[in-house]
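Take a look at the following structure, please.
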């Protein structure tokens, strides 16, 4: 399986006032194969959105390289990057601000074609609308007329307009109600199968991720702590943090588990050794000094833990 | 689209309609200045200390012996309720106040309008550049504006005027007449650039971090395309809403400069210079100073009301 | 004490001049010692119901009855309300960052509430704040009281918020989406805390959009749809055997965490009615897969015992 | 500490920028030659040349800038071009107390007026009293201050001077505090009120808007849910939350007035303050005097900016956590 998108040791640090530095992404490597969905999971501040921005080329990494179809995104010129955009699209969480309020839905959908000088017609755009489950009657209306779920559909329509090969979706369903969320998840899965679309799905919601992804990478404080095939990983997590996340998902018919202690430490001053040792229920003295590397485990699993659970 | 939107705006906000009506009336009056001067037969620029005027059927001197025993010498003729020459009386040079008021409106409104336009163009340029580019360009522009801002506005305007107004100036191949209106226009525009650039920069910043700008970048749009297609049309609303308020400020600044004889040069008139003329007659013929003051207040009030209504409209639109 | 009705809301309606009908017949009861989950999607009026109990709903026409421990809240004067809020019923909000005044330290903000309602001295109030924060599981409560809201993590802020709400020993705690702005691991901590509070200190009305949260931390549940309570009952019964088609569909739409992965998640077609165009009959009828001609008339709550639903299909 | 140092550095930089700017305006405006101006209209080329040499205008610009700064700040013996032998720096320091008194009085009126009007407007939002206050504020904002001064003079010194209302008004001019505190107050009350009118208009509007925004804030909803009464709600919560932006505005305006922004009022009411001094310098083209007053003004603005910034950090703890934008 050839990787469509490949990140190698990507790191990004933000300098703040007073000499403080925020290591948002701290040496991450991952692959997304053609047509595959990789989910990036973690709590707020774990760097998953920063990684998404880096992979989209909105921001450049301090070190490491990002290869899209063999081309290094971090090195290519702005012009080359713009040309690559037709292959690589993004869906945002906040669908309300993702559209210029003064443009009609039709012109918003035509914009990608205009930018890349591709031919389009009103009819083709209406077909596109129908494809994401929106009525063609919306063509001349403004985005404000749509509900949240409809806007997210429009967002997806714009993203697939140029038939890209990869979509980076940053929390695309977190702002939606459960019933609408299910609709969007179904739509994304359907389109992916139809278009042979790879997807990097960034989310904090494990239940949604389980439904949509082939593989999961769990992030904690800027680094991947565990990565593996979705169902296997969720059924039997190896990293104590993954286990805590799985147990914390509120589901009908499940009792409230014992919560993890404390909060996520500030990324401005991350703990030494294993980043998770301050909250880890099975931590030992070694964890406070020695930072575990991400290691291959049987069953296509990678884990960064000295004392993996399984 | 624009016309119907303006129409709806005026319909919804009666105060804006009233203010706009008032402004149009003022502009009409200013345009009609020569009409009035010819009709009643006065020259607003020539002094006529020995002239006479027909009043209540009798021909009387424009400069009359003083009716106040405390003041010595001659004092100009006062206002009268009848239509005709010198309806508002005369100034110390024996010129018709009403005619000068109308001619003054031309200068004042022209300067305020041109200065506001120039100021907004410059401010939009600075604000857009600083807000969109960010980084060191933003730091340099913002610091430069801070420096301009640190000098009290009127003091700055006055300093510039002292150096330039009333002198023959040459900027390379360009030669500016000493009494050219370009000088006050340029000066007033310049001093309010920081004032206008700040909100424009802030708006640009918030627009350039908005989701749809990021989305356009994600689609592969170039910076120029983003600025001209995504940001400028929305920024234009902010600038448009700001324009009546800036124009009001410019009008006040112009009147202040002319009041200090640093704006419009005699014998030409503006409302500010008329108040200056009236200063000497303030205790004997207060109308000379009151009339232009009232004109300024009405204009500025209308402009401010218009700006307020536009701002409220923009806020309401943002909520919808 | 348990079992006696503390708050009973019946047929609460709220009509806003511009927005239209926001609440259209909300009836629910919070008994002492109960944790009632009020669950619904955005726009269903769940937060408004919570705000109405404290008289903080937006201006509009309010009708129906609100009884708290036998007192009629609809007859309260603004003075009565001031004595009621924070003293007998307190509220915590979704985002503890914005809910605190950002420019004052945590401690004094809680002290303010205590001193508004009790005659405690400044010193005594401060001591009480520290002990409250400690009880809420805040590490080093004395230092935390001296911090500004933005200096605390989200979880600690919410704990401080709960401490403030409980500072005058209220009988009812209304929690409006208290964990939505928090991370999942912290969410579990806060839910555990709320559960303890419900068991020991006060009745809790937990407003949320998440059925999972209700399942894990509530004793009873009221399901809201488009400003109407459509199903109420003990959590176990409602989740095991939902009566109303909406509740059923809502539960099915949650992606499962165990077992096989469905090809498609079941969805509810259509969108909830907007406040200005509401169906005359059952509010869910336009989207209901089991709609009958009887649905043209708004069904009353039906069912046996505590588990009831507003649906014609219920025997 | 690092923040303070960088702040100081910025202040020095801004001051330097201003001094260069002012210097450039007077001595390097393209097409305008200071020696021609000093020599007067129609002077012969020889006279102009003599003036140029006598005033040192033939030396290179950076040298002249350094010399002037030396005279202004280090040896502090910059003398007037017009009235030779008169020390400009000491003249500015002599005028400063007058301006300071005037502006302090004005600030008193305008803060009180803005608070009253702003609170009334916000508390009675949409009612007739709010509309009335808004209209008054708008009118106050629209009156040219020098004209208002003239009108006040007209009413208080001439037309109604003999009525009970204005009989106490002293003739135009300034009375030092040390001479007679009562006379000092009497001389300043009307000019200060005149000066305050526009600011009351501006600030009451700003405060009203900010208060109404604050009342919509989540924190205020919490306060209501706590059972806080209306007085506490307005004064301890809403005002605390919304007063900050008005405060930073206040600092800037106060400093601008102190630095000569009150020039028009000082001229109209014949108060010998810094603004009046500048005006004199302007009418006689006394460049060193103008240079000194403008720099003095800028100095105040910069200092006030720094003070307000510090106060802001003190009152709003969210500031000062690094330069994290957002």
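Per-chain numbering from 1; labels A, B, C and D assigned in written order.
By definition in this document, contacts are C-beta pairs under 8 Å (C-beta built on N, C-alpha and C of every residue); 3 or more make two chains touch, one makes a residue touch a chain.
By chain, UniProt protein names: C = ABC transporter ATP-binding protein; D = Peptide ABC transporter permease.
What you see is a predicted model, and the numbers here were worked out from it, not measured in a lab.
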item	value
Longest centre-to-centre distance from chain C, chain (CA-based)	B
A-B against B-D, pair bridged by the larger set of C-beta contacts	B-D
For chain A paired with chain B, centre-to-centre distance based on mean C-alpha positions, whole Å	54
Distance from the mean Cα position of chain D to that of chain B, given in whole angstrom	22
Centre-of-Cα separation between chain D and chain A, whole angstrom	53
Overlap residues in chain A, where contacts from two or more other chains coincide	none
Multi-partner residues of chain B (at least 2 other chains)	none
Parts of chain C lying in touch with chain D, wherever the complex brings them together	54, 56, 81-87, 90-91, 93, 95, 98-104, 112-113, 116-117, 148, 150-151, 164
In the complex with chain B, residue positions of chain A that touch it	56, 58, 81-86, 89-90, 92, 94, 96-102, 111-112, 115-116, 144, 158
Contact set on chain D toward chain C in their complex	217-219, 221-229, 232, 236-237, 240-241, 244, 315-318, 321
Parts of chain C lying in touch with chain A, wherever the complex brings them together	41-42, 153-156, 183-189, 191-192, 195, 209-213, 215-217, 239, 249-251, 253-258, 261-262, 264-268, 271
Interface residues, chain A side, partner chain C - complex	43-44, 147, 149, 177-179, 181-183, 185-186, 189, 204, 206-208, 210-211, 231, 234-235, 244-257, 259-260, 262-264, 279
